[in-house]
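You will see subunit A twice below: alongside subunit B first, and alongside subunit C after that.
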Partner chain A sequence: MKNFELAKKLDLESLLEIDKDIKVEGVYVGDLLSVVMSKAKADYIWITIQTHINVMAVAELLDISCIIVVENMEVEADTLQKARELGIPIFKSRESAYQVACKLNNMGIK
Partner chain B sequence: MKELSMHILDIAMNSVKAEAKLIEITVEDSIKNNSIKITIKDDGKGMSKEILENVANPFYTTRTTRKVGLGLSMLKEASERCNGYLKINSQLGVGTIVESFFERNNIDRAPLGNIADTILVIVNSLKNCNLIYNHVVDDNSFTISTQQLKEILGEVVISDSNVVMWIKEYVNENINDLYKN
Partner chain C sequence: MVMDSLIKRYSYTITRNDFVTAGKSSSDIKGNLKAIGIDAKTIRKIAIISYEAEMNIVIHSMGGKLHCDIYEEKIVIVCEDEGPGIPDIDKAMTEGFSTAPENVRELGFGAGMGLPNIKRYSDEFKISSSDNGTIIVVTVLI
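Coming up: the complex of A and B.
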């Protein structure tokens, strides 16, 4: 799936102008980075409210397919800069983690 | 809370409620020692031994209503999650010292957040009370004191929008400089 298709389907704001094919093997929802590190897997979509630069470090480490920041949280400039450098798509949603997760489930991602 | 500055704001509000005349906040950010220590000291009413013993227990309430919010419980949890601690010293009629410690490079350590905005929110809520804010990064430090500001300002009130803008820029510039060295 193209990252912008995902953004369109979930009504997300794309914070990075990159065109990328993303693989989606699953979804992980979590805000405590140490737990996310041990539980999320490669090619997962990660839904979180965390926005600081450590998020990009965890995403890179795990090979996360993309990050969805929920609850309309403001994402720091250095986080976006790092996302650009690493080529990891990052989106923003006004909805809650649960609402976004439900939409992904309805799209057939289990 | 997403940022340490939110914790600082919350604890400082306890000091305001405790009718402190002086609140002193010190953030010691040590890259060398891999630690962040936040100390909030006030000369407010202080807490009784009973309240102090239960202050970090989120289910503790006094017979009427809670005297303090959940802020200390949350700060305790946040610091302990980062191999740190929360220490509270308080004496009735003397004041309270809250000290929290974080392992700096812990992956769950929240970022400091916006210190200038936090200082401004605290300053805005002060009535007959002064604030001293110290920020230490290894060997360098920065201090801002509302007492000194008021002396310089004279007739001009600290809540004047030009003063507020100036404080914000002054704090941001000085704290950023501490990290450049």
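Coming up: the complex of A and C.
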């Protein structure tokens, strides 16, 4: 799925102007980086409220497909810059992690 | 028995409290392993181990070094810091136990999963600690 399609379906704000195919092997919700590191896998969508630049280090190491920052948290400029460098799409939602996860589930992503 | 000889060592200096570039060494290690054709499953294990080791140095030590040693049949991550050492290793190995300060936890660190994660994804795990520093040697078989 294209990143703009995902944004449209989930009513997300796309924080990067990049055109990318997003592979979705699964979804992980988590804010503790070590737990995410251990549980999330390649081509997973990662839903979090963390916005610090180190989020991008975790995403890169795991080959995360994209990040959805929930609860309308403000994403720091250096985090966006790093996301751009790495080519990892990052989105923002006004909704909760649970609401976004439910929508992904309704889309057939288990 | 033929001794497994060291093919290549990648070394990195890790700076205390540097949360901005933290993860860069692990990312570099990942790129190097990918370039020499290591399989994705092994790369994932090493990425988890090196990231946790790197973050431990950043959060808990005065600074240190991270090495990634490539052998024919194994990859060894060596992590050595300049102290202050771990007073109770058994406690530090307990999932959920953390001494990370509050400001660091707010950024998502300090889950108390660092050392347990390192051990879980390794084939061999050695740790020793004194006031002068902590040394962790982790082996992943290829």
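Criterion: the second predicted complex is superposed on the first by the 110 of 110 C-alpha atoms of A that agree within 3 Å, B and C clash if a C-alpha of one lies under 4 Å from a C-alpha of the other, contacts with A are read in each partner's own complex, and residues count from 1 in each chain.
Convention: a contact is a pair of C-beta atoms (placed from the backbone, for glycine too) under 8 Å apart; a residue touches a chain by one contact, two chains touch by 3 or more.
Just so it is clear, the structure is predicted and the values come from calculations on it, not from any experiment.
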{"item": "Combined model on subunit A: subunit C and subunit B, fit or clash", "value": "clash"}
{"item": "Touching partner for A:85 - first (subunit B), second (subunit C), both, neither", "value": "neither"}
{"item": "First, second, both or neither for A:58, with subunit B first and subunit C second", "value": "both"}
{"item": "Which of subunit B and subunit C A:50 touches, first, second, both or neither", "value": "both"}
{"item": "Touched partner set for A:11, first subunit B, second subunit C, both or neither", "value": "neither"}
{"item": "Subunit B versus subunit C as contact partner of A:25, first or second or both or neither", "value": "neither"}
{"item": "Broader residue contact with subunit A after superposition on the shared chain, subunit B or subunit C", "value": "C"}
{"item": "Which of subunit B and subunit C A:37 touches, first, second, both or neither", "value": "both"}
{"item": "Superposition clash, subunit B against subunit C - the stretch among 42-50, 78-86, 132-140 or 168-176 that is involved", "value": "78-86"}
{"item": "Touching both subunit C and subunit B, counted on subunit A across the two superposed complexes", "value": "32-34, 37, 50, 52-54, 58"}
{"item": "Partner subunit A, residues of subunit C touching it in the complex", "value": "19-20, 22-24, 26-27, 30, 40, 44, 47-48, 51-52, 55, 107-109, 111-114, 117, 120-121"}
{"item": "Subunit A - residues contacting subunit C, complex", "value": "31-35, 37-38, 41-42, 48, 50, 52-58, 60-62, 78"}
{"item": "In the complex, subunit B residues that touch subunit A", "value": "2, 81, 107-108, 110-111"}
{"item": "Of subunit A, residues touching subunit B in the complex", "value": "32-34, 37, 49-54, 58, 73, 76"}
